[in-house]
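Below are two complexes that have chain A in common, paired first with chain B and then with chain C.
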Partner chain A sequence: MLGEGIIKGMAETAKNFLGSYHDPERMVTVQFPEERLPAKEAARSFPFLVFDGQDAEKGLRCVACQICEKECPPQCIYITKSKDKKPDYVGKAQFYPAVFDIDISVCMSCQICVEVCPFEAIKMDNDVELSNTDRFGGLLLNKQLLAKPNSHFHKIHPTEADEVDGRLAAEKAKVEAKAKADAEAKAKAAAAGAAGAPAPKPAPKPPTPPPA
Partner chain B sequence: MIGDLIHGIFLMIWRTLTDQPEAKSDFLAVFPTAVQPVVSAVLTVSPLLAGFGLLFALTTLLERKGLGRIQNRLGPNRVGPCGILQPVADGLKMITKEDIIPRTADRVVHLLAPIALVVPTVLAFAVLPYGRYLVPMVNDAGILFFFAVGASTELSVFMAGWSSRNKYSLLGAMRAIAQMISYEIPLIISSVSVIMIAGSLSPVEIVQAQGSWLAGGFVPHWYVLTPWGLTGFIIFLISSLAESNRSPFDIPEAESELIAGHLTEYSGFKYALFFLAEYFGTFAIGGLAVTLFLGGWHAPIEALEVIPSYVWFVLKLMALVSLFIWIRGTVPRLRVDQLLNFAWKFLLPMSLLNLIVAGIWHFTAVWDFPCALLVRWALCAAMIAVPYTLLGRALNAKRNAAHRTYRYAT
Partner chain C sequence: MTTGAEQPPAVEPIPSAPAPAPEGSGNPNFTILPKDATDDSDGQLLEVAMGPQHPSTHGVFRMDVVLDGEKVVKLKPVFGYLHRNHEKIAENTTYLASMPYTDRLDYFCSLTNNWAYALSVEKLTGLQPPERAEYIRVITAELTRLVNHTCLIGFLLQDMGALGTPLMYAFREREWILDLFESLSGSRMMCNYMRFGGCRVDLPAGWLEQARKVVDSYPAFLDEFETLLTENEILVARTQGVGILPADLAVNASITGPMLRASGVNYDLRKVDKYGIYDRFDFRVPLGDHGDTFDRYMIRMLEMRESVKILDKALRDIPTGPIMDPKAKIRGFRPKAGEAYGRIEGPKGELGFYLISDGSPNPYRYRVRPPSLINLTILEDMCLGQDVADVVIILGSVDIVLGEVDR
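This part shows the complex of A and B:
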């Protein structure tokens, strides 16, 4: 009969209305600043720089190769390469960023910088409470603000962080094994006392970035 | 002089609250005869505006809370305890916002449109009896006056749409005109049945005609409790939803297709005026529904008449407004063709039929045999229910006749 559907609908809304008072299970609202849901592991907001150990200056994985700067679609990254070098996680001397700025008012959270980084140095954060009273300076994050420890990375994206750590450890083990083998070969060569031995191989390079 | 004035004020408040006649007389006697009409008018209008203004604020809050609860949300709960100060915050926001007028708009008409909308809705309040002695303007043709001023809101809606020089505004305004004119007919015809039975166009007399009780003071003699009255009340409610542009008939301001219809180019205080007028229109038409069908300010049980009459009026009005909110939370918006088809093919025939049924009810009142009331009821109810079912079936059958096929979508 005509009008039946409306009666049914009215009953349904009435049920919802009354149910919301005596059945708190129905209410889906999370009252945000006071209550918070645990962050989802897949959540991504803006990039940050990972460092190993305690010291942000010393442990920063970034080697200022500037690939992310070149790849960034909205051009929100600014990097100045250092003059000197410091050892990286395998002990090889590398440049480091003297300046590393990301303007998060420009950043579009596309994650391309993360995809292109060959050093696992830049990762996505999940912090969204970034409102600021200064919309120019306040949203321009410098190296000190961007650098966050590996433990933070483990906290927000545990699966990905474990994977990255495994990869880096494997890389390091490979490099060390090779160095050891080279050293042994060198020692053997020296022991053999061959005068015209070939020059020792240079230390293995860290994974080279793919051509841009 | 001052003593008389204060005495008059207190006497006026006391008499109004306790439902006594001539509440203003002592206060007015203090003033010279020449200014008495002006003072009297101000005394009538200002509590009306203040009261309905407060009711407006309360209703916006209740609506948002109620809709929230219907959708299992909390509704506004940040401003003040439980969000009760939300209307204040909304009002402040509206008033402090910039008033933007489009460069190519017709500035004069753009300014006049919200004013021309608020004035008739406030005028419509004038003829409603709010209590036993609380009638702002006793008018023998009050119902006629109500519909006359109510119809002029269509003009202001079109003024708003036309002067904005915006295609969405104009489309919204044209839809509003089509809708309001279509629904005005069943609205008026359904109230004509009440006028026929009561034999008067005066709201005061219509309320008086409903002021008796059957079954030892427990069954009120309200028109809604008769077969023609119930039908008329439902038709009146549906049409009044359309008249006041409320969901599910809010297609003049359908967000998904028209942004905000005729309100698109309005901001700040002018928008607030439109908003106010919309709610005032809802109150006015709800008040008329209470007057025509729900016994006006009469209590549902004779023994409860001791409670002041205006309390009953406000309670009934708020019940109707809650029903409107409930409907808004339930029914999705109609399409334009559905809306007009419903008005012309269903509501209009039903309201015309209802006139005939009201006549039969009136003339069979002289029947005097056992179970006469039962037979009258059955006859009138069948006269409405059978055509209702048949009409509903016919309209539905026609709708399903053409099966739509899609070439590209599966």
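This part shows the complex of A and C:
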């Protein structure tokens, strides 16, 4: 019969329409500004800089190695290295970024900066409500705007943050254990030397190599 | 009076002026313009520029059509409005940095684009993705195929005038799959997920169960979609016998993908090349008989059912283990000099990346073989003699994404 297919299709549409009233599974949309779906853990928008502790200036993990600046596909990261050094999380003196700007009007949220960073210093935020009235200055984020505490990272990507913290703690423990062992060996050698042995003193150990 | 007759007239007639209209032939103020000798029209043809802002052109794409009444006499596809210099950018950045740009080629199928690019770099360097990564690639690629074909049918129906319902149904289902992509890669469309020698991150907890739920519910959706569409008399009347692409012409024009198979040529790279681990899956390649728009519509429906079969098996068999080749490295990636061509069966056809390396961190030459562009070259042959309203449907059934056509 001509028109049978159309009628069947109409029945399907009617089923969907009526179904949306009694079956919550069929209601697939939410009323956005009032209702929000929970953000996915992996969701990403734009990068931010992680800092440890309370002070953003002191605890910033970034050491201004500029790898992300070089690898960034749209070249939207601008870094200037500092002249002086400050201690990082294991206590080693490192440079820090005097200037760290990200132009988020250029950034394409590809996450490559996060992947290439050897210091776990740059991570992806999941904030998407970034509208601004100033399209030049407002979208060029500087170091102060980019720096966010580690607790923020834990809040948005808990699994990844735990992994990163574990890795950093293990590294720190390794460095500390090595420093302790070195100190003990030095003390032992000094004690042996003080005992009056004629054997020549072993050469002092070089300082601990920087973590890879 | 003889002298007066020899004098030339005061006003010379313009040589090319048309002959005055014969008495009683209508408005004396209206004269038909002289025919241009170089124009092959007989004065009855109308040239129309469809696009670049036409709603049915799937992006910024223009068709210069010459119409004789409703019939198409000539059609010239004009593209390049979305050209972004993708290949040249890739030659000036590192290998890894062009991975996010491949997402933006065919923005409906970023994961298959990633795979094609990763595959060619793996051929160049000899990296071998581990078992689990291969399974993840197959799963994501087949999910991408579902997304692409579902949305394509929605858009095709919208081009036919079914504004809303089929496209909304398609987008409803697409959303479940995009949710999977987001929880896997962090982004719904610009996934940037595959890496040379594996994948970026492992599947998050509960992802496989969620994917299983989506895949299990998909055949029911396809049934619903087919009840809605396949037997619809309007769809059948509008598509059957429209835009026929003969098999020999398709082969000569190097058409690939569902369009080629709709013309009855059995060529699917998943069967021919057996790249990745596709030799482990049992699936059939649907073929069309007539090569018309209805066959191209139906091929997509049938392919989705085969994809569901592949997904079913892949989700069951996926092993545990690493997801990256231990030899792969992220920083300081420099393949040795050489060349490679990696190709996969994308949802739109054969998607290939040709790379020449000279040992530096950037490729020396980077070339994309875009299925959308090459499938589009045949548009005029399919449209000649058709109505102008059918041109829109034929273009819809070619399945183009302008991001890939123009690159």
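Structural remarks
The criterion applied here is as follows: the second predicted complex is superposed on the first by the 183 of 212 C-alpha atoms of A that agree within 3 Å, B and C clash if a C-alpha of one lies under 4 Å from a C-alpha of the other, contacts with A are read in each partner's own complex, and residues count from 1 in each chain.
As a convention for this text, a residue touches a chain if its C-beta (ideal position, glycine included) is under 8 Å from a C-beta of that chain, and two chains touch if they have at least 3 such contacts.
The structure presented is a predicted model; accordingly, all values stated were derived computationally and were not measured.
Touching more residues of chain A than its counterpart among chain B and chain C is C. Looking at the shared chain after the overlay, A:109 reaches chain C, while chain B stays out of its contact range. Of the two partner chains placed around the shared chain by superposition, chain B and chain C are both touched by A:12. Contacts of A:124 after superposition: chain C is touched, whereas chain B is not reached.
Look at A:3: by the touch rule set out above, it reaches both chain B and chain C. Within the superposed three-chain model, A:136 lies out of touch with both chain B and chain C [touch as defined at top]. Contacts of A:73 after superposition on the shared chain: chain C is touched, whereas chain B is not. In the superposition on chain A, A:27 makes contact with chain B only, while chain C stays out of contact range. In the superposition on chain A, the residues of chain A contacted by chain B and by chain C overlap at 2-3, 6, 9, 12-13, 16, 28. Per the touch definition, chain B reaches chain A in the complex via residues 66, 69-74, 326-327, 329-331, 346, 388-389, 391-393, 395-396.
Chain A contributes residues 1-3, 6, 9-10, 12-14, 16-17, 19-21, 26-29, 31 to its touches with chain B in the complex. Note for the complex: chain C touches chain A at residues 93-94, 96-101, 103, 165, 169, 172, 175, 179, 182-187, 190, 192, 200-201, 204, 224, 227-236, 330-331. Interface residues of chain A facing chain C in the complex, by the touch rule stated above, are 2-6, 8-9, 12-13, 16, 28, 40-44, 67, 71-73, 108-112, 115-116, 118, 124, 159.
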